Amino acid sequence: MSKIGVFICHCGENISATVDCARVAQAAAEMEGVAYATDYKYMCSEPGQQLIRQAIREHNLDGVVVGSCSPRMHEPTFRRACAEAGLNPYLCEIANLREHCSWVHEKGEATTQKAIDIVQGLVEKVRRNQPLTPIRVPVTKKALVIGGGIAGIQAALDIANCGHRVILVEKEPSIGGHMAQLSETFPTLDCSQCILTPRMVEVAQHPNITLYTYAEVESVEGFIGNFKATIRLKAKSVDEKKCTGCGLCTTKCPNKKIPGEFNEGLGTRTAIYVPFPQAVPNKPVIDKEHCNYYQKGKCRVCEKFCPTGAITFDQPDQFITEEVGAIVVTTGFRVLPTSFFPEYGYGRYKDVITGIQFERLASASGPTMGEIRRPSDGTVPKKVVFIACCGSRDPAKGIPYCSKICCMYTAKHAMLYQHKVHDGESTVFYMDIRAGGKNYEEFVRRAIEEDKVNYVRGRVARVYERADGKLVVRGVDTLLGAQQVEIEADMVVLATAGVANPGAEELAQKLHISYDPYHFFAEAHPKLRPVETNTAGIYLAGACQAPKDIPETVATASGAAAKVVSLLSQDDLVREPLVAVVNRCAPPVYSTCVGCFLCQTACPYQAIEREEIKDRQGRVIKTVAKVNPGLCQGCGTCVSFCRSKAIDIQGYSNEQMYAEVNALLNHE
Amino acid sequence: MDENKAAFEPRIIAFVCNWCTYAGADLTGTSRIKYATNVEIVRFPCTGRIDFMLLLKAFAAGADGIIVSGCHPNDCHYTSGNFHARRRWIVFRGLLDFLGIDVRRIHYYWVSAAEGAKWAEVVNQTVAEIRELGPYTEYKKVANYIEETEAAHE
Amino acid sequence: MKETGFYPGCSLQATSREYNESVRALARHLSLPLREIEDWNCCGATAAHSMNHELALALPARVLALAEAQGMEEIVVPCAACYGRLATTHHTLVTDETLRQKTCDTIGMEYSGKLKILNAVQWIEQYVEPLLANAVTHPINRKMACYYGCLLVRPHKVLQFDRVEDPQSMDRLCALCGSEPVDWAFKTECCGAGLSISRTQSVGRLSGAILSDAAERGAEAIIVACPMCHSNLDMRRPAANRSLGQKLDIPVLFITQLIGLALGIPRKELGLDRHFVPVPQW
Amino acid sequence: MNNWNKQIADMLADGTVALVIGYEEGSTPQKTRPLFCHDAVAAERLVMDGRCTHNLAVYLTKKELLPAEGRIGVVATVNVLKSALQLMQENQIPEGRFLLMAVGPEGKLTELPDAESLRQYIAAHPLPDNPEVAALIEKIDAMSREERWAYWQECLSKCVKCYACRAACPLCYCTRCIVEDNRPQWILPWASTLPNIEWQINRVMHMAGRCTGCGACYAACPLHLPIHLLTKKLTQEINREFGTERPAKGNVLSTFSPDDKENFIH
Amino acid sequence: MKNYQIKHSDLDGWLEKIIAAGRRVIAPVTEEGHTDFRPIHSPAEVAADDQVQTIQSAKQAAFPKAETLFSYRKEGTAVSLDQPAPESYLQTVVWRARPCDAAGFTPLSAIFNWDYKDNLYNARLARTTLVAFSCQQADAYCFCTSVGGGPGEKKGCDILVTKLPSGKALVEVCTEKGEALAALAPGLFSEANAVADDSPLFAEKQSALAQLPARFSKEDIRRHLAEAFDSPVWREQSERCLGCGACAFVCPTCACFDIQEDPHGSHGRRIRCWDSCAFALFTQHTSGHNPRPSQATRWRQRILHKFSYMPERLDATGCTGCGRCSRACPVDMNLLEHLTSIAQK
């Protein structure tokens, strides 16, 4: 026989104005299992709480229903009061008499009866509540950062500077990412590498950071505070311990005509190479696909010349496992393949290039040492057309979203061009100029007004090469009454859309995080949890969420780092025990779970694992589902899906909900 | 007949998720929007948690109508509970209809935490429609039925 | 072999008889069964859909309903304008149940929406292309500029045919006929279309640009799949030449004519004698 | 003795299999019944023909009936194979434990050792849809709602809750069925109209996307109640709403598509 | 008690009178090719008399599949109980039962009265009149003659009707309840002589009955069962058993029941419903232990209970040889076949 206490709050007059609180308390007193019932003006006030505490002690209550405002308001308050009186806080339920009753109904019999019904429902529910204890999950104080662009660098440094160890994994031979490729950055026009490379070096030298380049995450298991990541260290064919980074091998390699990734195909590299001079680590790797030895079995020139004998052709891929408590995903983006808009002739015409190629042309470390020269003939273009929104905001052929960074970098490109080619003429075709950001609009205005960049509002229909080799850009000027315009250009720069990396979907599946239709990783909440994923303990930063500029990328990276640091600062994670559990019962059944594991696919959090029930000799009796309380978020989808009702959820158990529904309809 | 309908106060149970509709109904309260008293709310963590048997139990216990409401698609606090629920309801509804159970008495809605006014409309509309349908006598009768000879002394 | 319904439309009865003749010649030559939809009516092109939406749906809907009632599963519509109207109407009716019912009420016929609508190029891709490798007896070893115009590939959402800005299907067919398709810039530019009579001068300017680019890139003929394109580039050649201040004599052929030639079908059967700009013997 | 009987007798004799489950002649010439062959002699009694309608897959999850060691042979019909495949997908029968065998038209024994071979065999031997079942469903669909309610109420009021439908279904393998759960008492345990309807709704919902359509539930019902119409109808609905492809992992109700269409949620 | 004769063609007229008298009549009704007892409201609903058996037995007249033991209501702290009054049960006639149905009520009554006198059962039985018809055919599952019954056996009947080849039917009234039923249609009956073993009427009755030689004797079975507790036969016979309750629920003598609650907050009822020893949960303890852990042990219980324990304790055999369990069994467990094999061991 339970002893429930019912406490009806008047909430000043908020409840009592339309609900007869005394009658509700009186009716509650007569309900089965109720040992004490009363009403009071302000239950949440200190005297009100004292009233509850006292009643719990005096009447030895084993459950409490407070009829008051919404549980979303004061449930924590009343549960704390119960706990202070020695009652397990999860034995307290709130009947929502204010938001769901007194405030939405007129004064009258029906309103009071509804209040009684609500209380009745919760009395029956609370009679079946179980005392629960918060869940504690231990935390491994180490973080994994996937991706060594500016986001990963920033996140790794922030976490490491708080004293936690960080594993940074980068798939390329060097960290740096897209930012290392950029010439100068908007809106300040400071040199990208000048601000980035010190950070790259800091990462390499930081005692708390372990850097794995030319490495990829193979698999991730576990859950918040307790991940286990397997990392593949791709064979570099160079023994890093022996290599001094002298670079002799790269000068001797006979295979010199490989289009370099770092220069976006505008320059060449060798088969054994360092992607760029400031690379971190500044040690070469052998690109097996282009190496004569790997492809044809002959050469070994690098090995011959290496003064330290660091070349190891038979080096295998290595797999290492790291245990970490948190993961930050900073895998960035890539630009849309240009096959999306054949009408602009990219690939057909050498002097139609992408924005990122222009960055390389404009970069002092680029293939032209920062001079703007045409890829086709190396001449300085006198007329350049920049086309914004190549693929962006184009649901028919490209992607529906705005890539966000193109307006700004196009303005920057045009400006850089005007600075470098004083007699040059630049035209930008645009849809809208999106320059929201600190000093952004001013920057664009400067391009237009001071650097005389010709901005044409309209789309380009086609770029074609005339018989004489001139590129003709045919577009429309919508501000001039939709007139067709044709511009003869020496070079055309396409502001191609930023899209998700090709491996994003696969990585998301490895990590069990969700992604949007464009394969960008999805935030747990777009506004309030912008750097969290819906898998606890995994965070996001930078352009893997959506195209972002550098300030925003760095901000999210620091944000994610702050989340990680706050997680790693705890020895244990304490979580609400409102999680699903798989039942246990007497042998020979052990659990009514039959191990069909169909629930695994119903769980949005991959919280359901397999557990073997063994006898004393260690033989497996049966394999059943097990809910990992560290991962379970308590949605209960598995509970209503389970056919044998072997899974139940604490706090909203089958018995509780069943009793509540029946009790609500009890009165005749 | 119409008089009877006017006199008939339907009893309706609302199965709602904690994060959207329950919060939306809270907003109705804080906005002081009035609605009919016929609906009693049961709070679930998520629409994914709502067992179809609980709906049948509500009818068996005497409910004349049912509201099921949760987060709009893509807005689920648990990312996909409402999608699971939607599938379940599609299948369940088809089965109930085939069995001749009155599916017009189960109303499904998406009501977000911001849609306080919508919640009031949802309640009033459901109450009006169930009132029009009258009490769910045929189900209650079956729920009480045990054995033929007992019909005499019911 | 499955019979394909055939909707000629008005152009193929008049200004573009050679298109009609060459489609039928191809079908005959390759034993592809075609059956003309009985009692067909105007597709409503150009006029109806700029004036009355209901009429613009009802006219093509009647044609579609007729085809369905006559047991056809698919129809070929060589005229690009007719094709656009029929395909758009079909799309509207299958995606909007209310409109479907309303339109069916208007025409007093049922249309279930199961019909498949092909343009000439699609029909060729489906039935002719598989046979081409063996059937080409007279490869036409010339440079061709394939001109698609505006209606064949737009709107993409509805037609789902080829790449909107850089279509390739006719280029591929040309290559199969032994010709070399040129890379040029005016594949889908406007020819002036419906302004042929009212603003011949504009047509001259627009078509002229198309002709001159094709000629500049060494094309020896322009290949089209639309009666409007054909008449503007062929019949309006004097206006185009006037606009260009040049005398271009590059001929304009329907894709069906080019394929017909490659198959060795006599020129007369293909209606090549009906062109204003003469087509040389290749 | 058929050649295949001999083959099975040999398998039992040489220990390839420890037990073979198949069919033997029944009480009347019209029917056959399940047979457990523990030795080569019993294998002579095995038959396989159109009368073999029991879904033997129901025995594959009854551990207490099966020898602890060794493989178990099953002389199976296509329906048995379909259920066995589903059981594999639901982790109920360990790989390699059962040797499923089909008997071809000339008495040729085909061994189907793994899920893939089962899949292929099932695909190659599609079972025709029962037009009577489809017609009955159409008939019920055509009724007014009130008529449907009256029909099922009348029909299911007869149910005595012997649970033969559950016992005969290979996919009703729960160690503790929901009807045996009394915390809470999901389904009232006695046999009267509402508890009977509730039981069928549960049974059918639990079969969503899993039912292989073998009809064993109906065949087992001593009162011949047409409960297979419910599972069949559900399968039809699922196919219509979500297509006939079943998810590779999980099932229809444990998965979802953001594009699932409905017109009843407002 | 008296014997009467009635024309075959007048049987419906008699039934009509019975219905008109306000009795609830259950009789064999054929639906979709299957015949079972159903409440009827006109003789036309009754199935043609050409089938051996109904699916279910007549026991439901006195022992329905679910019934209310009592209902309760709480108001504050006061509780009121409401028990069904015997008079509330409808006067019921089971029309065209078989002698094996009638025979079932003897062991059934023995179970319901061996210690506690079950008021509800007794009250229902007292208000039930059994009109049995002698069997003119038998099938592969029938074996009443092996367990002490017969196709023309009167035991347990209120009235036994035997359709004679002459076009008349012999109506043997066995009880006062039966007499009252015959009295409803006095004009239709002519009196007949007592049916002595040597009378021509007896010979005529015998000639109308189905022929069913006994296959074993109850005594043989009992003797063998006394030593069979640990026999492997139970496992062998039950291997294909699915563990459903079909056999028990169609059996005229199976009396196992469960008691369940139907609570609705402040009111509710307690319900008795059929249960079966074939269900695994039937003997499951809360501890998890199950004294009958396998289907073999449950099958053994079924046979021993009917053919060993009941004869020992109640002096009644728990089987009338009706064969319903075998017909209903989804996996063709044939009781006759199994018993014959036990008897021949």
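To keep things simple, chains are lettered A, B, C, D and E as they appear, and every chain counts its residues starting from 1.
The rule is simple: contacts are C-beta pairs under 8 Å (C-beta built on N, C-alpha and C of every residue); 3 or more make two chains touch, one makes a residue touch a chain.
Keep in mind that what you see is a predicted model, and the values were worked out from it rather than measured.
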### Task
Mind listing the chains that sit against subunit C and also against subunit E?
A
### Both-way neighbours, i.e. chains that touch subunit E and touch subunit B
A, D
### Message
Using only the chains other than subunit A, in their current positions, what clusters of touching chains do you get?
### Response
B, D, E | C
## Note on the structure
In terms of mean CA position, the chain most removed from subunit E is C
### Task
Please compute the C-alpha centroid of subunit A, do the same for subunit D, then give the distance between them in whole Å.
45
### Task
Mind checking the centre-to-centre distance between subunit C and subunit D? Centres are C-alpha means, answer in whole Å.
57
### Separation of mean Cα positions, subunit C and subunit A [Å, integer]
50
### Per-residue multi-chain contacts in subunit E, two or more chains
65-66, 264, 271, 293
### Task
List, in ascending order, every residue of subunit A touching at least 2 other chains.
585, 589, 602, 641, 654, 658, 662, 666
### Query
Considering subunit D alone, which of its residues make contact with at least two other chains?
186, 190, 192, 253-255
### Query
Which chains touch which?
A-B, A-C, A-D, A-E, B-D, B-E, D-E
### Query
Where on subunit B is subunit E touching in the complex?
61, 146-150, 152-153
### Task
Can you check the complex and tell me which residues of subunit E touch subunit D?
32-34, 36, 55-56, 65-66, 140-141, 239-240, 242-246, 248-250, 258, 260-262, 271, 273-274, 276, 279, 281, 293-295, 326-328, 330-332, 334, 337
### Query
Okay, in this complex, where on subunit D does subunit E touch?
26-28, 31-36, 54, 58-59, 64-65, 158, 160-164, 166-168, 180, 185, 188-192, 219-224
### Message
If we count contacts the way the header does, which residues on subunit A are in touch with subunit D in the complex?
### Response
585, 589, 592, 594-602, 623, 641, 643-646, 654-655, 658-659
#### Entry: Contact footprint of subunit A on subunit E as seen in their complex
74, 76, 264-266, 286-290, 293
